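Please read through the structure below; I'll follow up with questions.
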Amino acid sequence: MEFSFGASASKILTTTGFSSLESGHIIMILVSCVLVYLAIWKKFEPLLLLPMGFGCLLANIPMSMMAYTDSGGLLNFFYQGITHEILPPLIFLGVGALTDFGPLLANPTTLLLGAAAQVGVYVTLIGAVLLGFNMHEASAIGIIGGADGPTSIFIASKLAPHLLAPIAVAAYSYMSLVPLIQPPIMKLLTTEKERKIKMAQLKPISQTVKILFPVVVTIVCCLMLPGVTPLLGMLMLGNLFRESGVTARLHETAETHLINIVTILLALAVGSSMTASSFLRLETLKIIALGLLAFCIATIGGMVFGKIMCKMTGGRVNPLIGSAGVSAVPMAARVSQKVGADADPSNFLLMHAMGPNVAGVIGSAVAAGVFISLFGDTVPEPHAAIADAIGTIEPGAKAAIAQVVEAIQQNH
Amino acid sequence: METSFLAAVNVSILAMAVIFTVLTVLIFTIQGLVKLIPYQAPPPAPSRRQTASSAGDDQDNHAAVITAVLAMHMGKSPNEFRIVNISQR
Amino acid sequence: MEFSFGASASKILTTTGFSSLESGHIIMILVSCVLVYLAIWKKFEPLLLLPMGFGCLLANIPMSMMAYTDSGGLLNFFYQGITHEILPPLIFLGVGALTDFGPLLANPTTLLLGAAAQVGVYVTLIGAVLLGFNMHEASAIGIIGGADGPTSIFIASKLAPHLLAPIAVAAYSYMSLVPLIQPPIMKLLTTEKERKIKMAQLKPISQTVKILFPVVVTIVCCLMLPGVTPLLGMLMLGNLFRESGVTARLHETAETHLINIVTILLALAVGSSMTASSFLRLETLKIIALGLLAFCIATIGGMVFGKIMCKMTGGRVNPLIGSAGVSAVPMAARVSQKVGADADPSNFLLMHAMGPNVAGVIGSAVAAGVFISLFGDTVPEPHAAIADAIGTIEPGAKAAIAQVVEAIQQNH
Amino acid sequence: MEFSFGASASKILTTTGFSSLESGHIIMILVSCVLVYLAIWKKFEPLLLLPMGFGCLLANIPMSMMAYTDSGGLLNFFYQGITHEILPPLIFLGVGALTDFGPLLANPTTLLLGAAAQVGVYVTLIGAVLLGFNMHEASAIGIIGGADGPTSIFIASKLAPHLLAPIAVAAYSYMSLVPLIQPPIMKLLTTEKERKIKMAQLKPISQTVKILFPVVVTIVCCLMLPGVTPLLGMLMLGNLFRESGVTARLHETAETHLINIVTILLALAVGSSMTASSFLRLETLKIIALGLLAFCIATIGGMVFGKIMCKMTGGRVNPLIGSAGVSAVPMAARVSQKVGADADPSNFLLMHAMGPNVAGVIGSAVAAGVFISLFGDTVPEPHAAIADAIGTIEPGAKAAIAQVVEAIQQNH
Amino acid sequence: METSFLAAVNVSILAMAVIFTVLTVLIFTIQGLVKLIPYQAPPPAPSRRQTASSAGDDQDNHAAVITAVLAMHMGKSPNEFRIVNISQR
Amino acid sequence: METSFLAAVNVSILAMAVIFTVLTVLIFTIQGLVKLIPYQAPPPAPSRRQTASSAGDDQDNHAAVITAVLAMHMGKSPNEFRIVNISQR
């Protein structure tokens, strides 16, 4: 190598980011700044969108080797945690440790509100198919309506990894926008009288039931939809840490530093997948439009079912708690509370809305399970075993190994 | 387009059916559980204020924990300071 | 792919867990529930047995891909941490950070009690051989008598990975049962008079000695038995973090969130190895029987040596502290205290029993070191290098690679 | 296998560490004890040097499989975190979370002091070349003058991994010695009058600027020197966690348990690379000498530029803050404070010195970026893809795979 | 030796130039930022001493936090003890 | 069976011998250490109660640490509250 002044200077100049800066990079850097702005000044899910936006910034600095496809780069390593479906379940472990399913247990029929809100997933799926996405992609887009970040990331990485970035951005952005999206729909679909309905106080739940609940959910739901076990099982384990009363240490770690560490890695990894080639496409706009549709329809689904429950219980259920079935914990429940209190300041719906709210998490996990049952490869392909084992391998290398194996087989 | 649209509708109806089935099974299971194991109010704890000795005991324990915590933070021996003034409710 | 209603419905039905549910799964799910029950309501080592039982539950939901052999599954990834012997040493780092070796330093001869309790390991080894286990398996079973979870898991994963699940379950279960197993044996082997012996107060130890101790143990023991370095070295590093007084940050992390995170991963991984094919075997019953034997003989070993020390010191050592030599920190020491206080309520043996108790940890680590010296492959096999490097590879793929290499060699 | 008493005894004897103990091991164990001694009793960067020294101890116990080259060994796994450049950026994430760039923002021209101190890097580089090191090695040695541990480790692992151990030891040792190394130089280069200069109080900085700063630094510096993105980007992300005010959870984790865990792994890994064959060489002595030179020249560089700034501002800058430009946060700033207070007890330079002090961190990151631009392989070699993917593979296996591929190619 | 020495000198001069360039760009950017977004003193908080109720409010908050922290350390319910004596400056 | 039983007995006797050897070496090492570096009672700290100034100094330090810790927990500036009442033993 030469180290004359001229050669060195030219080396430095050609290795600056400017030398290969393209308009795509600049646009994506602006996008990343918008995400960081929304996270900090608009408080849009800052725990996710701040590191996600920053990861996008890093990934779009040319030659920084920080994009998710840059094998050997730092964020590529973190991205393995998404590819191999490790990080979202660990997030759910923490979410379970943070979640109190008490209100749901006190009123288990609110699980149906969590189910009804999934209609947003399927209307969006149909819409996505109409917009030209294939079935796998449409499923991954539909799940945005589940309003659960980790579930969306889990399904997207499984069924349509090339759409991970826009799906994650849409999911977390609309979750933050729930206080803007939902109230008009809620007011449109309810009468003043319905909104003023006061609900009876929730009955207390035995600690034993709270402990048995996560075990029962795991057995019932995972047996029916095994594909969702990593997500739902970890969610329930986290909750068992919380409720069992004998694993305070593990509970504390799961709900604080473990989920924080995993959040940093996950958000950076998602951000690193926001490259110009994966994000600056017509599909992204479609996904963002479909995501909004998903949230609206999910809200409508929950509200309509809330009204049905209101009728069937003879007016003992305030339909406003239906919208909380979209999950987006705990924002959607707070929106129910607020809209209820707007109609009658003495109306306290928060705890009642927490039931459908956490039911929505289970509901979208179940919806995810259905997709995995239908489209997931539960049985791994026979010959991909080697390639799987060395997961970080890049396409070129995979081809080389395949070639080796093939050559041998021909020689035999 | 037509076929894929129909496929999407099929999948959607089926999936909603599965979701309602699974969650309904879950509802009945929970209702069964709650009926089997009803909530029992905990026995009223003996009023602590009166039993001065036990309160003193407890206070000692609390003080010990706080002392240890502070000692850790200060990197000093717990023998070097003393906690006062944790009043029991 | 077809998405007619009928085809989709049949796809979902065939991919439910029920479609491939076997009696083995059901039995193992019941076993997992028993473990969770014991952890929560009987407080059997809940920090380990709760996630272990839950991992077993997840692993036995058919098609959930959560068993330790399901390459690419979540728990398979965690299981790599056992296969590669990473997690047990990290647990020991935390254990070292939590352990005060002061009582041992004040009375170093109690190390002999920790040695004597290892007789349980070897009687069990002989028993296991008589029951038809080979030498490697018998060693892994014997180490249950060491009454140290991470040591048992470390040795089992090294010498007999197919027996990991029952060995881990036996080890942690009997550790929890120490308060039931030990007292009858202790009372049988001592006279009322012996139990009433009061021991002189422990002399204080210079902080410098406490700091030098972990370094000295590492040099002395690891030089003699290098195979145990990962375990013993990390134990001693954790203790050095604790005693040095200059690494408070690292000490705090090692004894709280780091050990908690590793415990979650380790326990889930061990649980994931509790599949029907690995657990529902005659061997498991034999191991559970041998484990009980191991704990009993270890207790007897410690007690007998305690009585010898009592005699040799002219009655200044209460033989009850001998049983604490099995480790199972700090339960065994509390048992010594309790049995002593039963004989004479003014007898405080706890601190005296902590000496042999922590000595037992070192003792079984040394016993593990002997096994590794005798049976461990300290020199890796020459041609396995590739397979080792890509550790997650499954047997089929390993064979394929071996075939490739062989074919090449034949063509040359 | 035979298990006669004699055979077993001989097996144990031949597998003790003594059987293959060489003088190199003994010397390195002594070196490790010196490091532990310096860490504990002299408080030399104990958070790093204590686990580093202990890692060195473990690595030099013969047959313990704890050296960085022992594939499959515990510390070899941790070492992958250095090889793949994962751990130093994560440390920097925590450093960023711990750093207040306020004083730098209040007086941005102090960035030039951080630049001037880098002269130590380059004089050392020239010195290293004169002592016979090649350009890559000389760069890695020069960066010791940057007085930043993670930066030194990052560059050494990239450009001269065989020199990692002595470079890391020199960097951290001299950072601890800053209070001894700097004052004489500082007093030599300043007059009593200069040392007595009092600086005007720093003006307050808007929180918005503090939030924008990390984003701006990332864009400006990383675009110019993309190679430094993993380090500088993570440093700035950590700082954004701190200043944004909306990610308190992530901030707390990054600055406590995450950095602590990573520090343990990193320090053990660096320690494991201190084997006799890599450390007991003439090069180590040269590096230690060059490292001292680096710190002295860096101090001189900062001081001289401080004097220039003093002149140019008409005596409003106390040149003593120049020496803080070497980084070694916050020691160097404290030295400036102390030397200033020695001259005039009412002189408070600490906050003024914090500006160049944190500027020094950015300065040496930029210096690192220049080295990566000049010498780093930003474009990975085409055929190494397979080897990269299976990072833990040892040289022998790499050769085997290469052989396989070659053989196939010949057969075609 | 001669050539490598010259190379090292070349690299050094170049690198120092790059460093000063990059950091100078950074300085100007920061100075621009600081000028664009000047520091604004926060609106004077209502004097806390006087308004006893708000001070009491704050003290309650502090006490709640400390109580929670201690409760965590003690593994007990926060209802079982009470913090007194955090005086406001 | 016979041979493997004998092998097991051989291994067991040998292993127990090794364990006792290793731990005996360790005992002697520790006894040596303890003899070489005996415990020294820390010099009696000057009665702190009396020397008000030094006690105040220490108390200030402790209070500073606790203040910082609490400030961290509260996410507030340490200037907003004050610790009193750590009595020195």
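All chains are identified by letter, namely A, B, C, D, E and F, in their written order; residue positions are counted from 1 within each chain.
As a working rule, a contact is a pair of C-beta atoms (placed from the backbone, for glycine too) under 8 Å apart; a residue touches a chain by one contact, two chains touch by 3 or more.
Here the structure is a predicted model, which is why all the values come from computation and not from measurement.
A.B. asks: How many steps does it take, at the fewest, to get from chain D to chain F if each step moves to a chain that touches the one before?
C.D. replies: Shortest path length, in steps: 1.
A.B. asks: Name, by label, each chain that touches both members of the pair chain A and chain C.
C.D. replies: B, D
A.B. asks: I'd like the angle of the rotation relating chain E and chain F after CA superposition, in degrees, nearest 5.
C.D. replies: Copies differ by a rotation of 125 degrees.
A.B. asks: Please pick, from A-B, D-E or A-E, the pair whose interface repeats that of D-F, with more than half of the contact pairs identical by residue number.
C.D. replies: Answer for D-F: the repeating interface is A-E.
A.B. asks: How would the chain C/chain D interface be labelled, same or different, where same requires over half of its residue numbers to be shared?
C.D. replies: Both copies touch with mostly different residues.
A.B. asks: Where the centres are mean C-alpha positions, what is the separation of chain C from chain F, in Å?
C.D. replies: 25
A.B. asks: Would you mind pulling out the distance in Å between where the CA atoms of chain A average out and where those of chain E do?
C.D. replies: 31
A.B. asks: Between chain B and chain C, tell me the centre distance in angstrom, where each centre is the average of that chain's C-alpha atoms.
C.D. replies: Roughly 29 Å, centre to centre.
A.B. asks: Which integer distance in Å separates the CA centroid of chain A from that of chain D?
C.D. replies: So the centre of chain A lies 37 Å away from the centre of chain D.
A.B. asks: What are the residues of chain C that contact at least two other chains?
C.D. replies: 3, 8, 12, 135, 224-225, 245, 252, 256-257, 370, 374, 390, 404, 408, 411, in rising order.
A.B. asks: At least two partner chains per residue is the criterion; list those residues in chain F.
C.D. replies: Where chain F meets two or more other chains at a single residue, that happens at 4, 7-8, 11, 14, 18, 85.
A.B. asks: Which residues of chain B touch chain C once you look at their complex with the stated criterion?
C.D. replies: Per the stated touch rule, the residues are 6-8, 10-11, 13-14, 18, 72, 75.
A.B. asks: Any idea which chain A residues touch chain C in the complex?
C.D. replies: That would be residues 84-86, 89, 93, 135, 211, 215, 218-219, 222-227, 229-230, 233-234, 237, 240-241, 244-247, 249-250, 252-254, 256-258, 370, 373-374, 378, 380, 385-386, 388-391, 404-405, 408, 411-412 of chain A.
A.B. asks: Quick check on the complex: what are the chain F residues that touch chain C?
C.D. replies: Touch list, chain F to chain C: 1, 4-5, 7-9, 11-12, 14-16, 18-27, 29-31, 33-34, 37-41.
A.B. asks: Provide the residue numbers of chain C that touch chain B in the complex, in ascending order.
C.D. replies: Counting only chain C, the residues touching chain B are 3-5, 8-9, 12, 245, 248, 252.
A.B. asks: For the complex, which residues does chain D have touching chain E?
C.D. replies: Of all residues in chain D, those touching chain E are 105, 108-109, 111-112, 114-115, 118-119, 121-123, 125-126, 128-130, 134-135, 138, 203-206, 208-209, 212-213, 216-217, 220-221, 224-225, 359, 362-363, 366-367, 370-371, 374.
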